[in-house]
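What follows are several structures.
The same chain A turns up in both complexes below, where it pairs with chain B and then with chain C.
Let's turn to the complex of A and B:
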């Protein structure tokens, strides 16, 4: 089926059924709602600072064309001027005074004329302000922030997966006294928000000399009740007979975990990995509290530092927000195929 | 050398007692089958031998050593599970070699053994496949191969054929029997299917409600069932039972009057008159009485199987199944006269125990 015939399929045969209309409205508005802000962010990240503060805003990053003119060190903006006799001319603006501008012909910059502001229109062209992307990396140490974020995310995710899957393995496959109680306690911690425990957590981190260190960001976050619960529920579906077969096959409990349970829980592990990457990458409050050296900032904290007391460097914030989104998108694209594969459900009759 | 002994083994799950004082000895190279209806504890017993369950009381003795506290892995046994329990994320080759890898067997030796087993079970061309790409019979072979490759002292098989279709089951049954001869291995096999038990076993252990009902060779169990349960469980179609009472007979024989008034002479010693008795007769030991002097029965169903004809009939309020050799012209509704072979009559007392045979 071609894309065309797919898109024009209708429930009511040849005519439009009202559900077709509703479906289109629903889907299109959903698309705009989901992708609109992202596209807007992407396009805006290529605008200069001036273009960002323009009103009304443009969708695409337009910029006034600049012309090199003899006798001036800086390039001058080019305008389309309507003269008093109705003629249209291309002129550069030399200087602006109040509601009038001194304009000159680019060929003869020494002859200037005074033109009212409303009689001219800037000549605009599509231009990408790539310096929004390059400057934070070159001048503002953004690469360092990026590295810190990658470190925190990767290390925290690896530890999260190992610790949580081990807890889930024990809680799903071993019978021991108090198992239900342990699970209940773990789940109960879901009800305690970070802001409630932030001060005690800070004292602990401080007491362990982890303040102002990336490990101080990583360690408190690695054990997540959501992760334990998610993995446990999945591991419950792995048949006990497989574990018993492995036990008969001389496998140690560690081997059973590593070679049997972990590979079979891969779909759930992938889901948790995606969650963990998103949580750690987008984490803001906790890194902001733990990290005080600019050298150690993660991306989110670094983005915040573009926000001065008096002005916000929106062009950098937008560009670096785009950069900060990319890894999550890549991870998601890579791991999403695992989510739908249930390996354990096959193989046993 | 593998010799297994169970001494007074009992098992409870919480308050539920599933096994009561099981005593059993399994000799080297013996093929022992645990058979019984579902819920009789036969799988639990197998899992206790395997080490996957702990006994509540009693001892499991393996080659003279009590192994109650020895972990499953260290007992040197191998188990084939009902669901096969092949590792779904590993290829057949990995499935077969997993156990050997865990005992740090050298790679060359692993490859040699896996190759040998694959040849023996004719699964060589499947080695690179994953379990989900195999048919039921192939999975079955891989599961048996996984047990064989470790050269265990005893093979434990938990209803290994129950997931196969009827035709394949018969083939695999024969293969298993051949394999047992070839490997000269001790095998303990759990099934609820008495045909499997009869065809495979050197000795059968009949279990019911966690108790051993009888242990014996298949023909022992068939010819001399220790009680009514074993009599009804072993043999297909199952044994017919008719209620009656002993009467004073002529001379030295025990005579019974059935509920319908018909009299039979049993091959047992004389019992006091008036004592209730359950007479059992296998369908294959029932014939037609040519002169019509037998027990009259109204035919309710006729199953013509070709080599034999199974006749369901009603006589004196009892449903009776008779397996008559050859093809017979019998119609539903007809009244036939049944003849019970007196040599093959079984008698059980009111508690269901077999009454001792006469001298």
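Let's turn to the complex of A and C:
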């Protein structure tokens, strides 16, 4: 068997069809287009401000090597200089004057030579600008944004799970007058996404004195109709005989809810919890409206305000974008199966 | 199961037990008033108490604002609360819909609304067609027999989980004047382009970005639809030596059609509400080239110096009408699909 036919062999000995080639082209270009930008973000986030403004950009975060030289407080950049007689020397730049640079030998910094800019080339080495990650936390309020986002996500998810599961329990396990009406009302609100009620909701939030508070971000989002429906569909599959048996044993209805139905509905609750965490972590429009105080910004709103500045500090924006992605990436890495089956079976997002 | 893994499971369940202890205690505490309600009012009282928190939040933050939205759209003035607003009848709607020719936004009194509506309509049509097409092709490719299918699915799916701000920033960085795309183009001798300053390119990237971010979601639904197609149909076709194009046209697409309808409608509903990614990427610019309806509502009602809540409410009522129609169609389509699948 030749190498070519070995590499292209297929299960069952079927031959290649032209659609196989097209499919592979689609997959590989998809890989580049979907992953490429994120990898580029990751690589760029480790570059210093100077390296970020370079054109054309380098793939990896290279940095000009800096050398400590006697007689200078700051470290000086090191260059490879081609002298007039064609010899190459390593020199530090003391000062730049127009198209010329004052260069010196690192060993003898007092003797300087003037060198035209094009006769030198910076000595570069791989260097990760980790300060991009630490400085925003130390100086730029990012710890605060992070904390706010965590608060909103955790509190909203807990409340969502509790109130949605209680409502789903009532709507799935009891026959009562008006049940159809309640279901219809919840269904109707599926049609009215937050984006079309922002104006009156804003005045409601103001009326309740929740403007510019994290609770104002949390509360309007917690009674999700999708959550109620997801849990109700699941709870309908729990056999009523279990509940009857518990009632025989004199269990109260509340006990039936949290000792029997809730544990049995755990798979659906887990799916809702994962989705709720992602929804609330990624929310943008509503926090943007409710929060006016910088101290209260969530990470998404904070990122937006940084990128909207006149002089964007990309080195921080990129690093913090990576940080804000991390929780979602971790969730995805461990719980991909839940998420994909959740979407495929219910069509929620 | 080995001894080791079962003891591990025991340890983890014990840890879970300790962590859940406060929850168990709290639930037991709630049981006291709940049992009292049950004794006093019977099971119906408990049901009402169970529904109450969700419905209360729902009523205050969803239903009441919906109702309020209609009232606001008939009022004018700058006051925030309804009681101090002036009733103006249908004036806000008249302002929005006042145009000499409907095809030219410049001839309208509220030209930004019409620009936003026009942009949204264009975006919806182009984005949904391309998005569904790309998702369909991706789903068909992923449905083939292949190694590491999970990996490839994840490749197309993961942007769905990224926040719109992150998506926008990733691409804004690439589309910068001295960004990656211009650098790559410079390699083949193309002059740098200011991608987000040119009107047409800005719209192109708005559409591209939203497809990039959401295609995994629709691919997943279509993939589930494809995998529900019985395999014996394909086997029968293979035995008959049916060409692949015919299999696609006669088996795959007709049987996928119900899922496809749901996907198209979901995509439409989402596309009408386009806002966050594009807002972070372009801010609606250049000019009003990528201004969409939600941004118009947000800016008119909340982000301007002089808030025009009435006008913004009227605009959101008009948008809500479109969404209600689309959602009703979607819900009946979902029901139709479920009926067909059951058969």
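Going forward, the second predicted complex is superposed on the first by the 283 of 349 C-alpha atoms of A that agree within 3 Å, B and C clash if a C-alpha of one lies under 4 Å from a C-alpha of the other, contacts with A are read in each partner's own complex, and residues count from 1 in each chain.
By our rule, a contact is a pair of C-beta atoms (placed from the backbone, for glycine too) under 8 Å apart; a residue touches a chain by one contact, two chains touch by 3 or more.
Given the structure is predicted, the values throughout are model-derived calculations rather than measurements.
Answer with first, second, both or neither: which of chain B and chain C does A:97 touch in the superposed model?
The answer is neither, since A:97 touches no partner chain.
Have a look at where A:255 lands relative to chain B and chain C in the superposition and call it first, second, both or neither.
both
With the two complexes superposed on chain A, say which partner A:336 touches: chain B (first), chain C (second), both, or neither.
A:336: touches chain C, not chain B.
Touch test for A:263: chain B only (first), chain C only (second), both, or neither?
So A:263 only meets chain B here.
I want to verify the contact counts: of chain B and chain C, which reaches more residues of chain A?
C
Between chain B and chain C, whom does A:245 touch in the aligned arrangement: first, second, both, or neither?
Only chain B; A:245 stays clear of chain C.
Return first, second, both or neither, reflecting whether A:180 touches chain B, chain C, both chains, or no partner chain.
Neither: A:180 stays clear of chain B and chain C.
Could you look at A:199 and tell me whether it touches chain B, chain C, both or neither (first, second, both, neither)?
second
After overlaying the two complexes on chain A, where does the chain B footprint on chain A coincide with the chain C footprint?
252, 255, 343-344, 347, 349.
Would you mind writing out the residues of chain A in touch with chain C in their complex?
These residues of chain A touch chain C: 11, 17, 19, 23, 26-27, 30-31, 33-35, 37-38, 40-41, 44, 53-57, 162-164, 166-167, 169-171, 174, 176, 182, 185-187, 189-193, 195-204, 206-208, 219-220, 222-223, 228, 252-255, 257-258, 278, 281-282, 284-285, 289, 300, 303-304, 307-308, 314, 317-318, 321, 324-325, 328-329, 331-332, 336, 339-340, 343-345, 347, 349.
Contact residues on chain B for chain A in the complex?
50, 52, 71-74, 77-79, 81-89, 98-99, 102-103, 130-132, 136, 139, 146, 150, 163
Can you list the chain A residues touching chain B in their complex?
Those residues of chain A that touch chain B are 239, 241-242, 244-252, 255, 259-260, 263-264, 343-344, 346-349.
Name, in rising order, each residue of chain C that touches chain A in their complex.
It comes out as residues 27, 30-31, 34-35, 38, 43-44, 46-47, 50-51, 53-55, 57-58, 60-66, 68-69, 72, 80-82, 137-138, 141, 144-146, 150, 152-166, 169-174, 178-180, 182-183, 186-187, 212, 217, 220-221, 223-224, 244, 262, 266, 273, 275-276, 280, 283, 294, 297-298, 301-302, 309, 312-313, 316-317, 319-320, 323-324, 327-328, 331, 334.
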